[in-house]
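Several structures are given next for inspection.
Each of the two complexes below includes chain A, the first together with chain B, the second together with chain C.
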Partner chain A sequence: MNRRTLRRAFSNLMVGLMMGAVVAALLPLIFILLNLVVKGAGSLSFAFFTQTPAPAGETGGGVVHAIAGTLMIVGMACLIGLPVGIAAGIYCAEYPTSRLTWVTRFVADVLNGTPSIVVGVFAWTWIVATQKHFSALAGSAALAMLMIPMVLRTTEELIKLVPNSLREAALALGYPRWRTSLGIVVRTTLPGIVTGSLLAVARIAGETAPLLFTALGSQYLSYNLNQPMAALPLTVFTYATGPYEEWHQNAWAAALVLILVVFVLSIGARLAIRRGFDLNG
Partner chain B sequence: MTALSERELTPDAAAPAKPSLERGSYSDQIFKGLLTLAALAIPLLLCFLVYELWSGARLAIGKFGFDFVTTSTWDPVTEEFGAFPLIFGTLISSLVALVIAVPLSLGVAIYLTEFAPKAIRQPVAFLLSLLAAIPSVVYGLWGIFVLIPILRKSVFPLLRDVFGFLPLFQGAIYGPSMLAAGIILSIMVMPYVMSVSREVLMAVPNTQREASLALGATRWEAVITTVVPYARSGIIGAVILGLGRALGETMAVTMLIGNRHEIAASLFAPGYTMAAAIANEFSEAVGDMHLSALAYVAFVLFVVTVVVNAGARLLIWRVARGSGIGSKAL
Partner chain C sequence: MTTTATPRAQQGFVPTPRATLTPRAPVPAPTQRGAPAIDVRDFGFAYGKREVLKNLSFSIERKAVTAIIGPSGCGKSTFLRSINRLNDLIPGVKHRGDILVEGTSVFAPSTDLVALRQRVGMVFQRPNPFPKKIFDNVAYGPTLNRLVTRRDLPDLVERCLRQAALWDEVKDRLEESGTGLSGGQQQRLCIARALGNQPEVLLMDEPCSALDPIATQRVEELMFELKKDYTIVIVTHNMQQAARVSDYTGFFDRGELIEFDETERIFTKPKHERTEAYITGRFG
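Now for the complex of A and B:
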């Protein structure tokens, strides 16, 4: 009897410890978000979103060049990465017995685990070293490369959830395979695919490492994808590691903007998916 | 004759039905061809990546060979390069991260799958997955201006007072250090280990739990004697996946580790990692040999993470066969 209460007490103790772990794990999240709002919100102003940076050491100025740069670099990456990732994902789900599917899926998992800085070096040797100048396009290529395996695997997993009876019904009605795939299977999973794509965009929007020596960063508003371009994460990095107090202020504000963008994308995507599929199982 | 020829032609009169089928199969072939092209592009991209890294590193591979990973000189002026301190730093910082993150994330994962009230499971898992959404550079910023001052003022001196007899916790306290990098890494790795091991635990059949409870085990005993052993290889896979993340993490580490090509016994001393060295030196490197040495570092890092990730994947597949656990966008 005594032994039994002891065992039960031990069980309760362990559960208590695990609850402590949950709290400990949530603390950094709360702490980081609070710090961002407290230190960053003060510097947010109309000028912050509409002006280019002030000369070093002076107050004022904004990060419009970085916001525009991020939009363009990420947009370009989506143009390259999304079609390839989604199409390859459809292939893997629709032809599950093909040997190519096995290889592609495995390679996608390998690429998924590849450090983003390595992809940056790849983009550098491939594009920057051959063109002999830094360019936003090289950054987009690196981000697209990071995006493809994520989009591919999400698309594939979602399409696999579509019941086979739907496919059979469409084929029995005389639909050709491609219309069954696109019109029935992909259309049913479209909300999920959009969600997966948004999550991938959220991930690459915050990537800094692959842009360091591809897009490089710049102090000016530029629309030329063939030239160096600023991006929000790069700006946060430059300002955070710089020597001026004003820069540090701007780093917090830029980080707050960045995290707002990333969170809106990823939380919005997750809430949207609740209706159809549940990515988290 | 004409009538006959007309009758001969009648099979062709049924042609309208046939071409439509044919057209269907043509468009099917085009469709499949396009998809195949996209699917083929991915293995080709990988080959291209390996080739480009190798060609970038060719100079350094030719000059230093395998000695590159065992020697410690890093001198851009004399063009002597050895990556051992980088590899050492990468391993130690990742190890520190795992030592902190693994118990925490396993505790959270077990609590969320086995004990937590149904209502809070999904919300807590969701909140923790947000940790994975925070960009690396934001962790770095927070680390420089919030975490390091706290560590330098209270945590590090405390550690030195209590565990000062260990060489790990001796020496001068700078702030930017191996330990600071390890701590930030542990926060960044935690959501991955947590979410993957949670999914693995959820894949354990309920009959396992019921059988153990029916035999009179307490709820904790049921978990630790049946559920966890059942999911063991998957959990190890989750940890290794976390290791893979930690090894390649760049920005936050670059901002916190102190960036010195040195090997120190103390965790309070600054260090360097492979990813951080590439991030810091690549855009400023002028000599071809320096660039090539950095590409060689990238090549080594790539090989290490591929091995680590492939191992993790195989272990996870042993619990949940062929599943996408751990490979979806988090």
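Now for the complex of A and C:
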């Protein structure tokens, strides 16, 4: 064998190995999706999306209470978490030498690695226990706490990618510092910040542990954020651990719905970004 | 100047003041005829303890091109960025003496940076258009500084793009992103953006070093046109360029101004040995 065939064989081997890695990474995902579709799609019906659960032991009913609950709890968490996370991220990126930045970054990294159940217990201690009742709002607060460090760090890293020359261009035109930051630097990174926020939303939408301690779950459609509320992950948990076969069926279906909700959210927002920020591409 | 008990060679340096940033400051008094456009008075500059400019004193002529040449690290860019105080971004900078732009101090604590930077435009080494529409790139400065009414804005943008010799190439795509242009076009867009602020002085920091020869030629022709209306200071590594475009040339070495004279004299009969060595390519 001459050098050239050897080199080519080595190249093919490496490409093969990498393709193997891709397949290994994708297989579990595909398996999960297929499994959910096979076991859950059968229970999906119009009623599943529009009705509240049937009494235990009876067939029929739906999970509209959990879909609405997830949307409300996650929406509320976004209202709290996104502004704080993004603003703090901008601060950290724009004032990298400040002591506050060092502390914030450190705390965010620690929080990022904190198991979500710990955050749940924390929210229980400070909100549920002091209010003496479970509430959706406590759930949102717990989810927001998970969100903030994620959003903060992505925002910061993205803003740091903005070339300094762009900043200087704005300053040389007479832009005050704050306008340079918001008008030029943040505008340029906006699509990235939106994507980062979406990833955070997708992650917290599936969180179960913090909600167990806070939103608790419910069998009814409720719009009161100060009361216990159902959420898809909680419903999956309740149904999957319940004693009835119908419940198990519904757990699969609810899990499928949860994945669909996250899926629709990310695709929708991605399309919106592409249309809205063409210029910044 | 007050000399506090600063250690070692820091004598006479004062921390660069934090200037106030108010976008609506009054535009300074009109040009004083007779005085030079930029008057550098015993100016020194240091990054922390590293002194990069020492005792510069010279004047820059109005409506002419002044080139600053010198070997890498001689302080050319630092000097240029001192005129619009863009060096303020770096922590720990100190200065001594002063620079007067059209009779107004650049370093006085009362200096309004926004007003200063409106009067002193800058073009950078690498083209750095905003990732925004071509129109907005030019319109941002005048909008920010409230130089024109919204109705007159399109006229101003057109005038600036024409002055930058870019209008014919972009007039049908003003709504497209400025980052989609070629490198040479981007640099001319950056020049148009600087002109949008209706400055008195235009600083150019190696404006052609990232451009190909044809684009370079266009920018040089442009400077020839622009000096009818603006005072231009250009930093360049390219001595042919300095000889071609400038009326006056300053030769910097190790933070000092070695020689400052009419360009022709610098390049034909320099007074200093170091200048001659540099322009003939024996060092640098």
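FYI, the second predicted complex is superposed on the first by the 235 of 281 C-alpha atoms of A that agree within 3 Å, B and C clash if a C-alpha of one lies under 4 Å from a C-alpha of the other, contacts with A are read in each partner's own complex, and residues count from 1 in each chain.
Definition applied: contacts are C-beta pairs under 8 Å (C-beta built on N, C-alpha and C of every residue); 3 or more make two chains touch, one makes a residue touch a chain.
Keep in mind that this is a model prediction, so the values were computed, not measured.
In the superposed model, A:177 makes contact with both chain B and chain C.
In the superposition on chain A, A:97 contacts chain C only, with no contact to chain B. Shared-chain residue A:8: touches chain B; no touch with chain C. Within the superposed three-chain model, A:166 lies in touch with chain C and out of touch with chain B [touch as defined at top].
Contacts of A:209 after superposition: chain B is touched, whereas chain C is not reached. By the document's definition of touching, neither partner reaches A:79: not chain B, not chain C. Residues 176-177, 279-281 of chain A lie in contact with chain B in one complex and with chain C in the other.
Against chain C, the residues of chain A that register as touching in their complex are 97, 163, 165-177, 179, 184, 187-188, 279-281.
Across the interface of their complex, chain B is touched by residues 7-8, 10-11, 14-15, 17-22, 24-26, 28-29, 31-32, 35-36, 39, 83-84, 87-88, 90-92, 94-95, 100-101, 103-104, 106-122, 124-126, 129, 145, 148-154, 156-157, 176-178, 181-182, 196, 199-200, 202-203, 205-209, 212-213, 216, 233, 236-237, 240-241, 248, 251-252, 255, 258-259, 262-263, 266-267, 270, 279-281 of chain A. Contact residues of chain B toward chain A in the complex are 24-25, 27-28, 30-32, 34-43, 45-46, 48-49, 52-53, 55-56, 103-105, 107-108, 110-112, 115-116, 122, 124-131, 133-142, 144-146, 187, 190, 194-195, 199, 202, 218-221, 241, 244-245, 247-251, 255, 275, 278-279, 282-283, 294-295, 298, 301-302, 305-306, 308-310, 312-313, 324, 327-330. If you check the complex, the residues on chain C that touch chain A are 21-23, 84, 86, 89, 91, 113-118, 121-122, 124, 126, 128-133, 140-141, 144-145, 177, 190, 193-194, 197.
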